[in-house]
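Notes follow once the structure below has been shown.
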Amino acid sequence: MRRYLTPFLFLGPASLLILLFFFTPVVATLLLSFTDLATTTFRHPSWVGLANYRDLFADPFLKKILANTARYVGLTLAFNVGMGLLLALVTSLVPENWGDPFRALWLLPRILPPVVYVFIWQGMLAEAPMGLVSDLLGVSKNWLVETPWVAVILANGFVGASFGMLIFTSAIRAIPRELFYAAAVDGATTLQTIRRVVIPMLAWPILFVTAYQTLSLLTSFEYILLLTDGGPGFYGTEVWSLHAYHLALSNYFGNVEFGLGAAMAAVLVVIGVVVSLFYLKIFNFRALVTEPKIEV
Amino acid sequence: MRKWWILAAAVLALTPVFAQKTITIKAWTIGPDDPSITRLKNLEAAVDRLNALLAIEGADYRVKLEGDFDTTDWDPYLRRVLLAFQSGSAPDIVQASAAPLIGVWATAGYIAPIGDEVSRYGTFKDVFPTLWNAVTFKGQIFGTPQDTEARPLYFNKTLLKKLGWSDAKIAELPKMIEKGEFTWDDLLATAEEALKKGVIERGKGYYHRPKNGPDFLMWYRAFGGTAYDPASGKLVFDKAAALRYFTWLKKAVDAGVLEKDRLDGNWKRFHQNVTDGKVLFFSGGTWNWAEWKSQWVKDRGGESWLWQHFGFALQPAYEKGGRPVTLSNPQAYMVSSASKHKALAAKILAFVAMPDLDARHAVGSGHLPVLQATASLTENRFIRAVSYMLNYTTFQPQHPDLPKWQNALYRGVSAVESGQVTPEQAVSVVATEMKRTLKDQVMIK
Amino acid sequence: MPLLPRNWPLWLVVLFLITLPIGAGILWLVLTALYNQVHGLVPMGKLAPQNWRFLFEGSVGGRPSIWVALKNSAVFAAAVATLEVLIASMAAYAISRMKFPLRTPYLGMILTLHAFPAVSLLIAIYYILRLLGLFDTLIGVILVKASLDLPLGIWLMKGFFDQLSWDMEMAALVDGASRWTVFWRVALPLVRPGILALGTFALLSAWGEFILPFTFIVSAKSWTLALYMQSFMKEAFVDYGLMAAVGLFYALPVFLLFLFGQRYLLNIYSGGVKG
Amino acid sequence: MSRGTSVRLQNLTKRFGRVVAVRDLDLEVNPGELVAFLGPSGCGKTTTLLMIAGIYRPTAGHVYFGDRRVDPLHPRDRDVGMVFQSYALYPHLTLFENIAFPLRLKRVPGEEVKRRVKATAELLGIGGILERRPAQVSGGQQQRAALARALVKEPQVLLLDEPLSNLDAQIRLSARAEIRRLQRELGVTAILVTHDQAEALAMADRVAVFSMGELQQYATPEELYHRPKNTFVAGFVGSPPMNLIEGEFTGDGFRSGELRLPLRQAPLGRGWLGVRPEHLRIAGEGHPARVLVVEPLGREAIVIVELFGHRLQILVAEGEKPAPDAEVRVAFPARALHYFDANGRRIGPE
């Protein structure tokens, strides 16, 4: 084993952190989900077996949260992929020195601190005189309350669209020029070229972006937490991951239910592991591994 | 040689300074309303006074207060208090609602009983006796009262006038409510009329708080419900009362008096619309008065604007001749059981319980004082005008599982308002959830 | 561009229109921060330096000073970026360039974690931090943040190390270097683009991070700018001017990077960085 | 004057998974000698070199430098210098720092580093461009810098992995001579890996020919040329390669199809007859053949003829080349023929 001392030293810090903050939490989440851990029982939790899961699925409003989750993931995904595709295409249809700044501009929502980004949304959707939307529509309303889903999906969508945009752009750039020349010679219009040449070539990237973002949307809640905190009204925009967070770490009266929250999180953890393993399979992992050429 | 002497003398002279210890006491407080910053400022003042006394006594230590005042919200505040308790890094002094948090935290063992310390200091003797009930759990005192308040039903006088009410009738309204002559149904009818006549916009006939809080328990009581059975020490859920409450909410939403999305979590919107003079009736707290005064209508004349436009009364009864209610949610300072300086922390709390500090907080933040001496001292018009409400006030029962009860009720309220379920369904859903989460700790009637 | 059509100015207009909301949002933030009042996007009244009072007053409404929050944010972002770049590079170097048992499964694990939803672990991570005595400390949050972004970093850096010439590394070994020396003196200097990419990415990501400090930091003295800003947003009273000024102040480094390094940013984010 | 050490490989074997890259190799290089490892790509010559350098660990067998067994040692403890095909200069360092790198790692004092780098660079004629970076100098200069880096620490063994193959044809010839001169002057033991047989023959004291991970022949260039041990060596060494005709030895001759050659002391049985193109002659007498292609090389020309169904290459002087499609006669020399058995092993003549 001595000969592997060096690689192990190199991997040591990363492995330690991954062990501490990925593996242990995964196990801990699963373990916690079988306990009644809550504010009052923190010092003496007891095993309750599957009770948390039973409670979870007995909740008459779980349907609503599931529906919210489906709506959030589905619509945001559609926006992300659609807008990403549109942006990649349109920025490719204008000269590079125009396309690049616009692509960079679309990165802004992603790199702005989420707190600031959400503040901008809240401000623009507020009542007049501050709110831009109220101002433009001539109806002074809080549009975040009026149309929470539109706000949630657009706010997430403007962040998410750039991911697809970048991937699709590089995919478009990778299409051999000859194909475009051939299409032009065959008399195809721009739109025909896009439909017959570009889109078919993007099938795989579209699948990748869809697969990847489904998982991250399923588990992300930062922007919703900041924007609506699951409201307005009765679980207006509360999604699965946010509900887990609320149950476990946030509650008006301070009676958090770690066990129940962990059960909700555990469901996500299991989905996460399964889906990630699935990615490994479809994205041809073996091809990425080459043997090192140095043996000391 | 002479230099040696000087040096030695200097060292001797400095020694007491070096030997003096500084004990740091951490204290967390919350408004979340800005004006309530006196909850922290008063602690600071108390520590200053304590230090002055220590200097006179020649004690070998001084106290340094590391204070924190939270203006975000109860939700994150309680989360971080809880996480701090659990991680053992809790502050020495925590301020929070006496009920039910004392019950919850005492059960969990996070806060220390301080009855012995309390009995040692004379300043506490002047505290209104009822308030000690709020900080007592299972016969032990776990905190010292910091303030209390009432939760009135406010009304917009200008809008009522527009509706055709005479000044006299408007002035009479609080009395009518107190006597049970103006009920929730009357409120609804008035708002409906205002809506029809175009005095108010849709949904702005009645506002209540935009998120979870103890008020829902209060309204459930206003509709005749009881939440606690002192004899058995168990929580109670009265289905009939809940149904009355939920049905009223449903009617209000259907009539366009109450917004379907009233629970939007947005206090900004609540205050904005209220202080823009758009809302006819609105339930709030006495501290809202201070917030409006110092923030929302500051540029429009402050308190005099409020006197001109707003009136306040108790929360009405549900039937003619019934008893109106309000709810007090006294705040308390508690001492964490992990604190290394419990006695000292209690001493600081004794120094806070002074009429001048109590008055400063009450007047500045729209809360009611906890000391009898303060009440007679205070000349504040608003505080005098609302203090009769304490005769009708109720408290949250000190039961560690009350939050679960409240959450279940709140889910029912929000489900009904948003039109997810009918009032009847909501009642059964709430009852089921209470049975599930509270098990034998609740009696369903 | 092979796709450049004759009527491209038309497409430019389309592009401009769909990008309008972003521009409007930024403009709204800037104007609101600068003026007394803004109606939509029309500034009303005078310039309002009082919006920026948080810079001069020690504390606004009982909050810690913004300079404390700024210092915390800077320390947080810098520490996360340094740690992440260093640890990810070391691990990526080993995975890319060294033989050891279970190398392929290890790489598979990194790739799985790369896609793994780390936020679902928050509840459990709280316990780990508590166990380590790192709850409510900046160090604790730094470690968590660096760890959660680590798989991404390793994956990114591995791609860069994969491109290094084997001959050069062999040459260094024959010249008398150990693997450690090779890593520091030959490999690391040569993957500088990767380090810059990952470093920038980590800096930006840590600078904006909200959930982790929000969940794991409870003392105001450890507040980062994200928490500072959020404390205003949660408040009932709205002073849009002040909040916009705080927001602009907080986002300033991001705007600067955007103004002066667009192309660079594009390169970084095109490099397979997580969505 | 020789400061090099001997290098001895003993039963050296290297396997990558199921693939055997080097099999059971025994070979010794004398102190101060320059040995070339010659073979087509994938024959195991570079693998062997990397095992000598210490980059690869042998699956079995040992490597000795003199009496010292080095195979368990890390490369840095072996005292070897190496030049790579790509030169492997560090692009982020100047030529000076590139050359100084091995000394810096040994913590040689700064002054001495300066002196030794200067001296080595002067020796290689790159003293004037030391402050440049690799990307700013020509390929030939890079190659010299790489050589300087390998030599600066005065190694016992110098390993050269295709050091010339990235050079232009013109510089390559002068570089060959240069390396040979330096190696002789310094007396360092050198091993040169190359796939170019001309380079191997021109530079090396001895050549080891590899194929499929096995050593085919280890001998001086002359011996390789005149007495190839098997058909592989025969076909690989020499340009154009040796003509090999499969047929049957009959004791007094060789027979393949209609081709009949009377031979003295011929063996018996099936085998191969080898004859180098420069030894075949187009003459008035001999076997009838038809010219297929004539490739002029300048001073000489390669003539490809068909003779009883065999294609043979013949090297002729420019003035003697026949016209395409001409009917000619090809004469086999009495000597300079090589006999190989059916397995390709040399069986004569002695």
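Order of writing sets the chain letters: A, B, C and D. Residues in each chain are counted from 1.
We take it that a residue touches a chain if its C-beta (ideal position, glycine included) is under 8 Å from a C-beta of that chain, and two chains touch if they have at least 3 such contacts.
None of these values were measured; they are calculated from a predicted model.
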Chains in simultaneous contact with chain A and chain B: C
Chain hops separating chain C from chain A, counting only touching neighbours: 1
Chain-chain pair with the highest tally of contacting C-beta pairs: A-C
Chain ID, smallest distance between chain and overall C-alpha centroids: C
Centroid comparison with chain C (C-alpha atoms), farthest chain: D
Separation of chain B from chain C, taking each centre as the mean of its C-alpha atoms, in whole Å: 39
Between chain A and chain D, centroid-to-centroid distance (C-alpha), Å: 59
Intercentroid distance (Cα basis), chain D paired with chain C, Å: 55
Separation of chain B from chain D, taking each centre as the mean of its C-alpha atoms, in whole Å: 92
Chain C residues counted as touching two or more neighbouring chains: 126, 169-170, 173, 178, 230, 238
Chain A residues counted as touching two or more neighbouring chains: 126, 249, 291, 293-296
Residue list for chain B, restricted to those that touch at least two other chains: 76, 81, 83, 86, 268, 272
Category of the chain touch graph - line, ring, star, complete, other: other
Touch relationships between chains, expressed as pairs: A-B, A-C, A-D, B-C, C-D
Sites on chain B touched by chain C in the complex: 32-34, 37, 40, 68-73, 76, 80-81, 83-84, 86-87, 89, 267-268, 270-272, 291, 295-296
Contact set on chain A toward chain D in their complex: 3, 291, 293-296
In the complex, chain C residues that touch chain A: 1-5, 7-9, 11-12, 14-15, 18-19, 21-26, 28-29, 32, 37-41, 44, 86-88, 90-91, 93-101, 103-104, 106-109, 111-128, 132, 143-144, 146-148, 150-151, 154, 162, 166, 169-170, 173, 178-180, 183, 204, 207-208, 210-211, 215, 225-226, 229-230, 233, 238, 240, 243-244, 247-248, 250-251, 254, 257-258, 262-263, 265-266, 269-270, 274-275
Residues of chain D touching chain A in the complex: 16, 54-57, 74-75
Chain A to chain B touching residues, read off their complex: 39-43, 55, 58-61, 64, 126-127, 142, 144-145, 228-236, 249-256
